[in-house]
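Order of writing sets the chain letters: A, B, C, D and E. Residues in each chain are counted from 1.
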């Protein structure tokens, strides 16, 4: 491989009490790819991406962005570096509106004096933009962009979080089980959106338990087991059946790990 | 570009092929012409802050009928406003804190300490009153910052932090003031500016003090901050679900710190208003200010669990309590039973509020 | 060094702050190790109980206390005396008074009587239809409270009925009683309440000067700070005497907290040395530390000094 | 149909502000069947089952259990009637242990005097039983039955909620997207468990967005759209493709609604 | 059985066929031999209540070195226990409430009201002391029930409810007692049973009052209730996430009502302990009892957001404050700076607690 990976992690370790959620886990995301991460419940996938997104501080190991070592001390750091994440628990504020949530932490100020000196928000622009993003995602059942997130159905919330990440990612986008709560139609939209984001040149990390989805969109599949990466496969070379077998320990991982 | 394999979308499953044809209809909505009552309910639903207003109106109506003309007299109306001014200003500070799911037991102590500092520096140390005033403000700000640092850096519960600093600021106040009151005449002679908040615009029998005007201006400013700036959104998000806010990329630590600092400065302003109202600087005032400010916030509909509430609600909450206390006094109820009645009325006020909100659902 | 103690009602009243400072100076002079305590509010009995216990545990020789609840503290004081400590009560006598080894206090009844007589004399014929507001101390009526209140009434010529009970009188001139906690805030609220009851109030009795200062603010807000209302008080602290001079307070009975504190320290030092207990003022159940009426409008037959003279004697 | 349905609902209505979450929705669950409920995000599926489980009071309509009208004023009422539910948000207490959560509201007391008169809990039995239930589900990564639920991964929590419902249902079991957060292996276990429960004679209501799962286990499929039931189909007679088309409004529902 | 179609499981997808062969390995665990420090950390992690204990031990060590032998004297040690008894009993009540994510601002008022009722009925009305005592208990229970009913039936926030009833019970207390203290001699003459909690077992210089023993017995009982009965589990679940508890089939309303009622009865017992400690019935006592009891609960590690905490923690929390106050007094710190120091120490105590917990992670 001559090209430096967009995001790389080496030998990450994270312990919770006696549980080792990450046990010297490696990770590599390349340019212009969708990398799927699969693994059993509790394998440590969420912990891995939390470490990559600055939400958890690993006990050991290093993370490199474009080949440069980085230390994210907060999700903000990671976001400033262009990493946008849809966390498994969504990270939405229930009591705020959909539009507020979409722009949380990167609100648009008005371009005029009021905006510049008094920090007046440009609420109209934010609402319009939020509405547009959600329409693109096909989440049309949301009637009112000012609606509080707590009044949305699980699937609708998921849509808000995804629209946010897709809209703002500049380096890469991480999605932890983005379609878990989504309906057939909405899932399809998300998959299309992912391909769209990739076409825009952003690589994506997708964590999912849905094998057909994974095999449909992923360029490479990172298989996680018992806190570490045990294989990386190319979905063209392996069947779903093999992937599941490796992931669950029913089959030994192939010797050469790189796909 | 050696190994990157151009993804060939392997396409959706068979059963998803016809999704393109699917209907884009939105959810089902009530299409019938809403009745007046329903419209009222929807209105309350969309504007929850209106609810405390209604309670206030009910309270005023109650006492107007009990007490008669005297209650509605412009002098009395303006008196109520004066009586709630201090709690109103502290309530604004307290609202900010409670919106972040915190609580500040030290607001009263910060207020007094700041007023004592302003007073002594101006009257006894002989500093120019503007400087003394500014130092007082800075003391308030610093007290708030200390609270904020303890909450954010040491990750201590706000209740404990402010319980501790309440004792600390209280002791500092008694030490610095030697528990002695600075007399009204002394302040009038050397630092009348400190009493400015007590002077008033006269409208017929009504007296509108500058302190009350200041309270309204501060409320407007903080309302703007909360509802029209990014900082405000961060305050709500931090209080609503701090972990989510952090994951969404908000510096919750800095937000909290700013909130405590602003609250501290607001308490110092309340100290200034206090000097205006009392005329003197008394190191013993404001003993019940903590609880009173929290009461105003909660009656105003702000949730103690953070993330939900409003400044306007707090002012209305303070007014509700003020109207009750004043109305009871005017109707000649014995002090003992006034306390009793205030207790009952606080509960009733919030019960009505809850009930109206439920109806609004 | 012998350990001794001083327990006051609160730290929030300059009277007690001065008393503490006086005791500290005296203790230093006498080579005593002084421990100071105070309640959290006027009426806070539990903090005083804990303070006494801690003094016993510290091996103190004795202590002076200004009791917050003059009867509820008695059993704990008994415990201290049983443990061999000398207990001197200051300012507010115990109920019963002989529960302490000695009491150094203003003659509170007399201090009240002085301002009562003064008010009566000042009003002259108008005293017959005065409207009097009483700003008392606390709802549980500690000794100092009823002594001063009833003393005032006696001086003013009101039938006091039970001299240990405030509020059993039937004189129509009494607008009402309210409690202040002996502090500004309480004074103001109480005054506001009584003004609501009867806006025609023209005489205000106050338990002490902080309460008087609060009452004055309420009068001012009601537009009655023009000298039409007579305010009388007890204490004689410097701000209070200044207020007499400024006409805010008509007359006040001055007390001498520094003297109380100093005498207490000396007695305990003596007791520690020789085991001797202090003597009482003959004819009284306690040692009178004196009370002087201060006013700039003296009244026939009521001995008083001017505010100018009072300022030389004042504390705080 | 000669047999009375186990659970039936007629013309349920539930409004939230202006949104009509249930718009005269009907529902029918028969003996010994797995009934799937499918529908877009926000179609009103969760609201429907909340009404059936006593967690939401419908504005109008009636519910019949074994042909008898019932009024559930709380989830407890429904549970006492034998209806066990896995809610979409799981209804677990994060600060309690796995075992505590499993037995919440139906704790086992010791059989001896202490238990009878002093309410002493039989903690050992509860732990053992909880451990056994979870093992059956194959959630073996849970090491310690005394572990707090808040330390579990999303999938693990899902497992606890399912194990609880399966263990205690006596009349019917409702599951709102039980496999949404589960891995491939764990999902399979849940499906097997459902068939197992059905074999034990308990009918099941399954809400799911996973069409292969639905078509694999369901006997009938209730299709929900815009707050009401628009069709009930037999998976043997219709293809997944048709079901999805009906559900999303791409195809008109068949005239005869009963499967 | 006409139409029921026997389900033919259509079987798993192709890729799931080999699941049967999958490995049943559990998660990855740390296998290395843990160091002493690590073992300590794991221990703290598994036993969070140990943390306040450590803070207590630190506090004791601090004052032992500052004050010397007097501090460790059995008399002084037993004194500290006596001094925390009332707050300890109230703290037990407060813990129950706070575990449900509530707060009770009326515990102090209920305590006094109950003690006044016991005292007056026995001494002035002349009822047999046992009857008077029982009526006092019932009054406490009724006050608690009232709080509970308002919280559960009207769905009002506990803060507001108990703020209101605090005024109400306070007014009733002043009215019924006429604010008069019942003197020790009177009680000793007619109702010595009310003073029983103040009598003591003498162990050398140490005095262990029956009141302190009662506190420990009550703590044990409530501990049992919380940790060994179904009711206790429901209390935790209700406080942790009331909606989840309700969905899981818990009658959260009944649970809350019971908690408030029990808390009320415990406050009445605290009133009894108060009579024993002071000897007299003083209707003005207990004004700081609310805050003190909440402080003990929070220092003891119970979360104000409900669902997490323990009775033992509360007793230790009360002891921590007691040790600080006593130690400061014995080391001769000036009264003004005692308040200051208590403020600092409260913050430091909780900071150490937090730090130890973090280390334990």
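FYI, a residue touches a chain if its C-beta (ideal position, glycine included) is under 8 Å from a C-beta of that chain, and two chains touch if they have at least 3 such contacts.
By chain, UniProt protein names: A, D = Fructose transport system ATP-binding protein; B, E = Fructose transport system permease protein.
The structure presented is a predicted model; accordingly, all values stated were derived computationally and were not measured.
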So if I look at the partners of chain C and the partners of chain D, which chains show up in both lists? B, E
Most remote chain, CA-based centroid, reference being chain D: C
Quick check: how many Å separate the C-alpha centres of chain C and chain E? 39
List the centre-to-centre spacing of chain A and chain E in whole Å, with centres computed as mean CA coordinates. 44
Centroid distance [mean C-alpha coordinates] between chain E and chain B, Å: 30
Residues of chain C engaged with two or more neighbouring chains: 11, 41
Going through chain D residue by residue, note those that touch at least 2 other chains and give them in order. 16-17, 19, 42, 89, 141, 143, 184-185, 211-212, 244, 248
Junction residues of chain B - those touching two or more other chains: 13, 15-16, 19, 22, 27, 29, 174
Here the pairs of chains that touch are A-B, A-D, A-E, B-C, B-D, B-E, C-E, D-E
Once bound in the complex, which stretches of chain D touch chain A? 16-17, 19, 39-43, 46, 88-89, 139, 141, 143, 151-156, 158-159, 177, 180-187, 209-212, 244, 247-248
Footprint of chain A on chain B - complex, ascending: 1-5, 7, 9-13, 15-16, 19, 22, 24, 26-27, 29, 224, 228-231, 233-234, 236-237, 240-241, 243-251, 307-308
So in the complex, the part of chain E that touches chain C is made up of which residues? 70, 73, 75-76, 79, 82-83, 86, 174, 179-181, 183-184, 277-288, 325-326, 329-330, 332, 334-336, 338-339
Can you tell me which positions in chain E touch chain B when the two form their complex? 105, 150, 154-157, 159-161, 163-168, 170-172, 174-175, 291, 294-295, 298-299, 303-305, 336-337, 339-340, 342-344, 346-347, 350-351, 354
Chain D contacts chain E in the complex at 1-3, 30-34, 53, 55, 74-76, 79, 85, 87, 89-96, 100-101, 103-107, 109, 118-121, 123, 138, 140-141, 143, 184-185, 188, 191, 195, 198, 212, 215-219, 234, 236
